[in-house]
Each structure stands twice: as C-alpha cells, then as structure tokens.
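In the two complexes that follow, chain A is the common piece, with chain B as its partner first and chain C second.
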Partner chain A sequence: MTVVQHMNDPLSDSSGKTAPGRRAPRLFSFLQAHPEAVSLLLLVLICASVAAINPAFLQPSSLIDMGRASVVTGLFALGVFTVLASGGIDVSFPAVGAVAMYGISTLVLNVFPDMPMALIILLCVGVGVLLGAVNGVLVHELRAPALIVTIGTLYVFRGVLLVFVGTVWLMELPPQMVAFGQWSLIDITTSSGVTVSLPVYFLSLPLAGVLTWFVLNRTLMGRAIFAVGGKADVADRLGYNLRAVHVFAFAFAGGLAGMAGAIQASANRMANPFDFAGTEIIVIAAVILGGARITGGTGSVLGTVIGVLLVTVVNNVLVLVGIPSTWQRVVVGAFILLAAAFFVLRDRKTNI
Partner chain B sequence: MKDRSSSDAPFLELRGIHKRFGGVRALSGVDLTIEAGKAYHLLGENGCGKSTVIKIMSGAHAPTEGSIFLDGALIPKLTPMAALEAGIETVYQDLSLLPNLTVAENVALGEQLVAGHGRLLRFLDRQRVHDTAAAALSKVGLDPDRALMNSVVGDLPLAIRQRVAIARAIAAEARLVIMDEPTTSLTRHEVETLIEVVNRLLDSNVAVLFVTHKLEECYRIGGDAIVFRDGLSVAQGPIEGFTRGQLAELMTGRAIESVRYRKGAPEPKVLLTATRLGRSGSFRDISFSLHRGEILGITGLSDSGRNELAMALAGHLPIDAGTISLDDRPVSIGSPSEAIDHGIGYVPEDRLSEGLFIEKSILENSVPLILSRIASRFGLIDRGKGREAAHRIAAEMKLNTADIDLPAGALSGGNQQRVLIGRWLSIDPRLLILHGPTVGVDVGSKETIFRAIQDMADRGIGLLIVSDDLPELLQNCDRILVMNAGRIVEDLRATDVDEDRIYQSMLASQSELAE
Partner chain C sequence: MTTRHHALTTGLKAALLTTVMTVAGSAAWAQDGKTITTVVKISGIPWFDRMETGVDLYAEEHPEMTISQVGPATADSAQQLQIVQDLIARGTDALAVVPMDPGVLEGLLKRAIDRGTIVVTHEADNQVNTMANIEAFDNAEYGTALNERLAECMGQEGKWTTFVGSLGSRTHMQWVGAGEENAAKYPGMELVDPNNESFDDANGTYETAKEILRKHPDIKGFQTSAGNDVLGVGRAIEEAGLTGKVCLVGTGLPNPSAAYLDSGAITAIGFWDPQKAGMAMNEVARILLEGGELTDGMDLGVEGYESVSVTQGAGDGKLVVGNGMVIVDKDTYAERLF
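This part shows the complex of A and B:
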C-alpha cells in the first residue's frame, strides 16, 4: 500500500527535486501531459493581438474565412495524425487527394454527368481509402520506413494521374459539384454590403474530427493504433495485428485525403491535377504543433485541430495587421522550432 | 475455456524442440512438460536457451523442428494469438508494457483482443476494460483507484510497472503464466508480495513458470526445477531434491573443466585509479585501481551498474562525480575520442550493432582507429600501410583467414570478436575495456580470445573485463569486482573464490548488504 501512495503523486519526488519552487513543476507537468496547450496559448495570443490591432479580425466574415480555409488542411491533418499515432508518417496525401479529386471529376464529367453529389463524395473517399491501403500494405510488407514509402507513392500516384488521366485543368465542373461548393449554411452580409457565407462543406471538418476521435478512443483499433505507435515490437508480442493496424491507419488517412479532394474541387469550382503539391509540410507542421510526437504513439484530435487553426491563422491573419505574407514562413518556422525545443525538454525530463 | 482442462493430458508439452537462428543453435532437442497448477523454475546460464524456449511457448518464435501439444492435442503452428487464446501469458523481463497507454488499458486491452480473436474493428467495451483492470490489479495487490487506472504506464516507478505487467498476464483466463526474471529489480518486500500472488495463482490451478537466477526464491516457492545447458534440458525434478551446489553444477557443467588461463602477474605500477565515481541512476561511490598488466573483472547482475560503469570509463556515458587518473595523472574522459586519445580502448558487448561494420572487409574493420596515421599529409589514405596494419592484426589475433578483403560478416563470431579486439592493438592501448568478450562465441574461439587477452596483459596493457560469465572471469582475471545495486560490494582475488561465492554477493539484496 505504501507504494501506491507513493505513486499517486509521482512528480513530488522526481521533478520536485530538480525544479525550484512548487508551481513551476506543476505547470510543466501539465504542459507535459497536454503539449497542445502551448499551441492553444499561442493561438489565443495571436488572435488577441491581431484583434487589438485590427478589430476587423473579429468580424464574422473573417472568422468564416478562417473556418473555410482550415477545412482542407484539417482533413489532411486528421489523417496524418492517425498515421503518426500508429508510429508511421504519410507524405503522400497530397497526391491521394489530387487523384481522388481529379480522377473522379474526370469520371463524372465524361461518363456519369448526373451522378449524385453524395456518390461523388463517396467515390472520392473510396479512391483515397484504396490508395491509403496501398501505402499501408507497402509499409508493412516492405518493412521500410513509412517516410520513404510514402515519398515513393507521392510521386507514383501523382505521376500515374498525370500520365493516364490528364494534365489539363478542368474549369467546368458538373453543376452538382458547383452547387455543393456554394451550398451555404450561414449567410452574413458585412457592413460594406458583401455577402460572406459559411458553406455546408465546412461541417465535414468537425464531423471528421468526431469520427477520428471516436475511432481512436472508442474502438479497439484506435487503441491498437496507439499501442503500435508506442512500441511496435511489444504490441506485436501482445497479439496486436500490425498489418491490420498499418493498413487501417493509412487507409483512414487516405479516405480523409479523398474527402479533402472532393471539397477542394467543389469549393474552387475546378479540378487541377497539380493541386495540393507542397501542402505536405504545412500539414505535418500543424499536427506536430498539435502535440503529436513524430515518433508516434501520442497526440490528440483536439490538439491536431488546434495545430490546424494555429497554422491557418498564421497563414491568413498576419496580413490583417500589416505583416508581409513573406513573414508567415518565418513565424511558422519559429513556432515549430519552439515546439521542437519544448518536446526535447519534455522527453529529457521524462527520461530521468 | 474451462472444458479443455478436463482431459488427463498435461497442459503443455514440448517434444524434441530444435531452434536455430541462422547458423546458431539455440535449442537442440528440448522435452518439457507443464502441468496445471504447478510451479516450475527454468534455470541455466545466460545463453543456454531459456529465453528461446519461453518465446516458443508463447508463440513468438516457431521451432525449427519438434512438436508442441496443448492438452494432449498437437498444435501445428503456435502463433502468439493462439498461445494467448490457450491461456499462455508471459511477463517478459522488459515487462512488455505499452508506455504511452494507461494502466487500465495495458492490463485489460489484451483480454478484449483475445476475446475478439485478434479482430480489431470492434467497439471498445470501456466498462469491461475498467472492471477487468480493477479486478486484476486488486489481485496483484494494487489499489485500483482512478488515479492509478488512468496513469500513463511510462510515468510509473518500476516496481509498480512490474505488478501492472503481472496484472495484465492474469487479467485474461490464464492457465500458464511465464515470468522472465520477475524479481530482479524488486525489493525484498515486493518479492514477498509477488510470491503471495504466485501462490494464489497456483491455488486456482494456474501453472507458473519462472525463469530466474535467484535460487533462494525458487526453494521458497517450491515446484519443479528444470535445468538447461547449451540448448538442452539436462535435468527436471522437484527442486527440494537438488542442493544449490548440484544445481550450479548442472547449469554450468563445468565442475571438471576449469583451466586457468592467467599465468602472468600484474606489474607493480598502478595504471588506472578511479575515485568515488558516480553517475545518477547507474552507479555511485566506485573506487578501485588497476595495475599495468593486470586483468580486472567486473561482474554483477545486468542492472547492477556494471554496463554503465564500463561505458563511462570508455567515454560513452558521462559521469557525474569522482575522478579518474591514468598513470598518476588526472584525466577527463568525456567522449569516446577523448578516451582513445588517452589510450583507452573499448570493445562493446553487442559487436554487431556497436562495433563491427559487418558488410565491410576485415581490412576496413581493422584500421578505423589509425586512419590519421595511415593517411598522407593531404588526408589521403595510404592503402598499402592499411593493408600492412590489417595483416599484422590478423596474424597477431590468429584469425582463421589471411584474406583481409573478406567481409567481416563472413567470419564466425569468435573471429569477428578477434578483429574487434585486434583493432585496438593498432593504437598501442594502455587500457582495454572488454564488454562481454565471449558473448555468443563458441568454445574453441573462446580459448583463442582468452589467449589473446593474456598476451595483451603480458605486454603491460591493463585489461578490464565486464562480464556475467563467471567461469570466464575466474579463468582470466587477477581480481574480480562484484557490483550490486550500483556499488562495488566486493573486491575478490580470482584464485580465492568460486562461482557460488560470487553469485551470492551478486544476488544479495539491499538489506543483506546493509547487514
């Protein structure tokens, strides 16, 4: 029993010794358990200062802009987070999203112009799941680092799309896709008379967030994903099916990327086979800022969403306060370095 | 699950099990029977095949040859999942816990996994996770309150983690619990709790198999001793029927062969003096001296701090306290390259991952330490000089090949080790630290390595052998330091002691040491 009492407050004897004062270790241990709080703090600070300098930021219209801008990054990020939690990494999602978007748009335009929107979305998700599963199988069977495998598939998927499906931008999408992109949830007319609307597709982000949370926390698969991300060899020994976990995590990420593709096309009223190129780093940055470790097994859906909002805000609002857009990279980079420094500190503390 | 135990056949039977890893024989024809509700103690020296046999029982390894029977039925392929479904649970020495999951999840997820035959696409029954975990934790004497259940395992102290691991093993309906060195890191009080848990398991007709070095605890628990040596089960019977001496002899098989290789004697001049060395969490208060030409052994259990001490002396780990002097001059050894500058060589335990470039030639493996010496003024390597040096090493270490362009991976373990040791001769070291020099080396090669060690000592090099192979230390060393819980507890003359005596101080618990 004495041992149990001892562990009820595990920090009292370990970090209490090393850190001066009492409040500091408590704050540190809180941040250790909730690294996304740092990003949340940054997010609040930025929003507060931007709002103080330029109150226009708090108008519904700019908030709606922000929401719209975060949807595609958010869907990608939830997928990347799932893969990261399983101990892998996925950089092929931009290609997966592009294949789903451009491939299905081409199919609808040329073969089934009357295909209902729900089916279009479903097909996009299906294509994503399929390509994601390919990633998962390759990562598992080749026993190669996921980074290398998905760099490979990033090129292969995109290359196959350009070679076999086409390279021209589709400027005239079928009407049901355009309508879906414009289907409005809330309309707001600003003082200047411009109408800004929050589209229905925005709901896909909270829905995907809840789904991801549910899968990761309320199904055995979700816990298996974290188990494998924590220590793959131990999880294997305990009877978790590594192949199933790998295939599921990558397929799930692929499905979300497919969904992002469908939304991107509908929102922009065009399908560009070169779209999403270069988004991989900013999405991974968002997930990392959300508290997930690049080595796997940690992180949360809430944290990921915070990371996405942080990155979106930095990319969109700094302009509002007169900071040139070229500075956005510096800011995002600085945040990531800050997060990296914090995580290293956190790991060092844990290892003592 | 219960109906299977009704038959008269023993729960688990291994017959004629062979296991080879590449060219290495780990098991050569093991027969073993486990009956329900009985305790077993698997005894044997390191490398005798103990861990291989438990991995076969738990389905982690498939035997190369032989058959496995469960309740009398032949099991063609025992997978990890099949073993779990049969109720075979293993508490590995590393505990096999998932550091990022909570205590409750670690304890109870396995049961849900087994209940679903390994299928993962199922909803989590959180109430059942909670109930299973709470029940299992109480059985191992832990209070299943919210704080404990929701703690992340990586944050807990080792003794608690140990019990969490046992709770996991018994959370499902276990019929055989295998415990791999469960008490190594426990205090005496915690060992008592563990023995209580074990007795409760035995009472409920669960078999328990211990893999252990601690004979004292085996006698306390009772049951059958199974002694392994060189991949074979050499004896099985009630443990009360064996004396400690008999068990030791069965394990080592070495009552007869005890050639002492050490013929020379140390020089009078002191080479190395360590004063009150300490490293937080590893070792403390380490003081000793080593003469030129002396061979000093350091032994202890794997968590005694001996490995860290060896690495610290070689500059691979920093020390927090104390001073080191070489030839009467204080030195700082902050990195491996500093150690090399002082003439300190280190041959790591795991030569495959830490020392040898396995795909490179013997030549390239022989010269990395003298690259600057065989390089021209402009930094280009003089291959002629390199070849000369490599040939000299091959000759001095009596490699079984003269072809120095052969890849190191083509050599046997013993020859690989000789390349690694020989590499250091090229810098004329003052002190050479050998970490487990004959781990995984066959008997014949051992002898050449021992002779090479003696030659080096005769040349005035100081040698430090860190090993848990006691016969090896007794055969080669002048003195043996025994480490226990981070401190040197004995400084023994190798000619005055035997294995039993050393084992005792290696295994003595904290409280015994204080007495």
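This part shows the complex of A and C:
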C-alpha cells in the first residue's frame, strides 16, 4: 500500500507508476484510476448478454424494476462505503435498519397513529444515527477492530429489539406508511396489461447519493474521512480528530440504514423484526465491486451506485436468463470472484 | 464505556432469566390431578398464541387436570431446553413439546422418558426420543391439495411455477414435488422455472415474482411454500394489476394474508390449525397418561384428527398423522382468523 489513492479524484492518482511495456498501459491505467469504469463495463456487458438471451429484458419495466429493487441495497451500500472510506467496516446495518423500522412502526401504531410520514422517516433516520453513533463511539473507545465491534452490535441491537420491542410481524401498518409505499412517480402499462410503477421512495437513492458525494467531496469532514481511512496515524498527527471522524462515519451509515428501514416497511406494507438478516454480505460485495478497497481510503459514490446496480441486476436476471435455482448461487458467487480478480490485479499493479 | 457495555449485558441476562422464570413459573402447579404442559418454540407469535387457545380449550374440557402452555420469548433452542429441563425437574406428568431443534432436545427427552414422564412432540417426525409425534397431515397429500386448488383456479391449463423457502427445506420440497405430480395429470399445465428460493423473505419473493411475470407474461399460477411467500407474490400480482388473472395458492396464515385474500391477489392459502394441533397433542398425552394405546384409525375427538394414521416413528415412539390441513379462500378465511 505505498500509493494511497486519496479522494476519488482520478487526476490526483499517479497513473505514471504503471509498469511500462504493457500492451495497453494507457487503457489499464485508465481503468486503474477509474475502477467504476470496470464495473460499468461489466454492467453493460451483462445487460447486453441478458437482452440477447431473452429479449423480454428490453422493456422499460425492467429498468423500473431494477431501480426499485436497488433502493434498500443502495442506501445500505452508501453507508457502508462511507465507513469503509474512513478505514472501518460496518456489518451491523441490517440490525440498525430493523430496529429503526420495527421500533418506529411499533411506536406509531401504539402511541401516535396519526404521525405524519415525514416525521416517521425522520425518527427512523434518528434511531439509525443514534445506533450508528454507538458503533462509532465503541470502535473509537475500545480501539477494537470495527468488524468485531459491529458484529457484536449486530447481535446486541437485534437481540434488544426482539427481547424488548417484540417478535410479532406487524401486518397492519399505519395508512400513511402504506400510502407512502404506494405513492407512484411513473406508471407504465405494458402491452400484456401488466402495470409497473416507479415509487416516489426511489428518489431517496439519488438524493442519498448526492448527499454522500457532497459530504465526502465538498466538506472538511469528507477530507478527514479519506485522510483517516488512508493512514489513521498520519491523519492523527496532522491534527484530524479521529473520534469525530469515526462517530460521524458510523452515524451517517446508521442514518441511511434507518432510512432504508422506513422504506422497506412502507414498500412491503409490513414490519418484520427478523427482516434484513443476511443482507450484509451482498451489500459489502456491492461496495467492493464499486471499486472501494476493503482497507479504506478509496472509492467513489458513483462506483458504489454502479456496484449496487451490478449486484441488483445479477440477482434479478437469473430467472429471466433461465438459470435453474440450484445453480443461481454458483453463478452469483462466480461472478463476484471474477470481478474481485480484477481489483486484486489492480492493487498489485499499484503496489509496484 | 466498558462499564456501560457491561451493565447492558448484565441487564440483558437478567431480562432473559426473568422471562425464563416467569414462563416456567406461570405453569401453575396443582396439588392433585395430572399435569400436561405444552412447550412451544416461541411464545407471543400469532401461530403459538393460536395454539394456546387450543390448549386453553382442552384445559376447560378437562378440569381434573392442570393443563397449560409455556415457551421461550425468543426463537432459541437453548432457552427451550432450559424450560423443558425446569419442567422435568418440577415433576410435570406429561410434556407436549414443539421442538425448536429436535436434535438439541434428544438427550433431555430421553432422560424424561426414563424417569416416567410422558413425552409427546409435534412437527418433529425425526425426533427419536418421543412416545408419539403428531403431524397435522401427510406432506404429499397437502402438496397435492394445494396444487389441485391451483389447477381448479387456472382451469387446468397454462404456465405455473413454484416457490420453496430453500432447496434444503424437506417439507417444502415434498409439497411442491407432490404438486408437480398432481399437475402432470393435466396436459395443459406447463411448469416453468420451478423451485425458486424465497428464504421466507417477502421482499425477495416479490422481486423474483416480478422477474417471473416479466419473463412469462402469460403465466397463470404460483404455488408457494414458506409463510411469507404468498405476501411477496401477492404484492407483485396486485401491483401488476393482474389480480384475478393470475392464481396464487400457497402456505400462509389467515391474518397476514387477509388483505390480499380480500383483494383477490391470493386465491387460497393452506395451513394447519395450531389450535387443533395443540388439542390433539394434549389428547394423545392424556391417553398415554392413562396407559391407553394409540391405534391406527383412532378418533382423537379433535377436528382434522378424527381418523389418524398411526405408524412406527423415527425411534421407539409412534408417528401420528392427522388430516388437519385447511385450505381457505376469500369467503372462508374469516372462520379461522388468527
């Protein structure tokens, strides 16, 4: 790790360090500087081959379905990306999302049935920020690896939810949440009479993307996050407040997870305290496929979004392509390995 | 921070301990008369709340005995083990257990049987140390019945597909397998992309169902297995405006499915009534307590268990299979709302 790719500004990268004599050094160094271009290329390739195998894919409704399916994964991924950029990792976000979703739904149903939707979302985000901050404080104060700390809080948050809040699925959500989940932005009726609609909550993903980009690229906190993620001890000596960076990154991720919780409940018209379990792997895979390094200090918001689209598309075309269900996991796994191979190659090149 | 963390853990432990003690303690002990205690997987979820109504009903019918239901607050086999251990130590006469994980309870149940406790189980046909395991229905018959309902709705023709919780779920695979066999009777029915895994996640099922609807715009039917599948597929059908054009029959519970049954997005749901299963378990426990025999074709006096099949179980005990499957639609679900 001699070359630390601070920021996601590709121009600051030392592309001249690529070993000369390669056939296409320019192309390689371009891809090296723009890891998200590789993911984008893969995405286009996959879409093209799926369309060739099954032209049913080429419908506006596919685009809408993918967009909607990527919202929750995307919100989680932007949070994980922020934490990764700061040099940590967060695997507790499924529990944070579940606590926000189920806790607030319970509160609304039992205490304040007429609570406006905006306040519900705000409260979910608030719960997420709070739990995220707990993660940040623990990671900083215990000086323990973030992975261990957040595995711990993953269990504690979920456990506390089940013990103290409840284990019963809430099937009858307040009408304002159901209405929010069904509030449609675009409605398309296909020739076969199937209605496909893009819900308004889809907008939360681009909004969260822009917000994350702004925080990371246009604020001092963003600079501090990449600096701490690149080399924490150096950043410390330079006067960056490590505690503030840790707490901020985890709280930001928690807030996005809370938001994802509010959307999941509204879209599904139910709150299930066991929801989101097991999503951590695919979300982290999406962030890594988007070009962020698991060791921190690099990556871009655009790359993360492309990574999310990549895993969403791969997960949502297997039936369309006609891969039998017994083979689907093999295909997803092989695909992640393939993409990972490129990034390993990239990192080796950078280390020369 | 460490102290605060410590306090939290201690608090958690205390809370868990209290829960265990309360549930075990609530099994009020009578001085005379035999005790039958039903131990469920989790208390407080609709399924086992419904079972408790059956246990209470049975207790009313048999005031000479002390009959009650207990269960851990979370789905945790270790907590369930603790409760069973407690009950045995207190000398309960008969245990009716719905094991969270049959393997975990084997040793303890063996000791219970050795010291003379009557042990009856439910939903554990692989349990070795039980005197009788009760199943609500034969899995193959259930799968056939679900598919028959689907075929009826589809007019015996068109494309259809199946969902299972996971490919490793034995009962789900038996259900869809029996469904496939049944559909083979109808040459017009064409099975496409079968055995989609849902992982009992309504959201994932929804996405997969949308994909199937896109790939096969002319699909006519879905047969699903895990409890949440009908909710995910039902939402996909409803949002696509295909209510009434696509049939959906699967395992589900009346209360969660009610809205989709009313709208017609779900054609029918199948399940077994835990209320009746609870009563049947207690009846079998009572028969065994009084030294009676379980015979093939006997009547347990509970709806769906009027003529049970009795065969050799996984161990020395018997396997008792009823005909307790229930398939309800829009017009009939209200009778069994839970």
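In this section, the second predicted complex is superposed on the first by the 324 of 352 C-alpha atoms of A that agree within 3 Å, B and C clash if a C-alpha of one lies under 4 Å from a C-alpha of the other, contacts with A are read in each partner's own complex, and residues count from 1 in each chain.
Basically, a residue touches a chain if its C-beta (ideal position, glycine included) is under 8 Å from a C-beta of that chain, and two chains touch if they have at least 3 such contacts.
Given the structure is predicted, the values throughout are model-derived calculations rather than measurements.
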Partner chain(s) touched by A:G229 [first = chain B, second = chain C, both, neither]: first
Per-residue contact with chain A, leading partner among chain C and chain B: C
Partner chain(s) touched by A:V111 [first = chain B, second = chain C, both, neither]: neither
First, second, both or neither for A:F248, with chain B first and chain C second: first
Those residues of chain A which chain B touches in one complex and chain C touches in the other: none
Chain A - residues contacting chain B, complex: 1, 3-4, 6-8, 10, 217-224, 226-227, 229-231, 234-241, 244-245, 248, 297-298, 350, 352
Touch list for chain A against partner chain C, complex: 54, 56-57, 59, 61-62, 65, 69, 72, 137-138, 141-142, 156, 159-160, 162-164, 166-169, 171, 189-190, 192-197, 264, 267-270, 272, 275, 278, 315-317, 319-320, 322, 324-326, 328
Chain B residues touching chain A - in the complex, by the definition given at the top: 58, 60, 80-81, 84, 90, 92, 94, 96-101, 105, 109-110, 112-114, 116, 118-124, 126, 142-143, 147-148, 151, 154-157, 159-160, 190, 281
Chain C residues touching chain A - in the complex, by the definition given at the top: 1-2, 5, 8, 12, 15-16, 19, 42, 44-46, 73-75, 167, 193-197, 199, 201-203, 206-208, 210-215, 217-218, 228, 231, 235, 239-242, 245, 255-256, 258-259
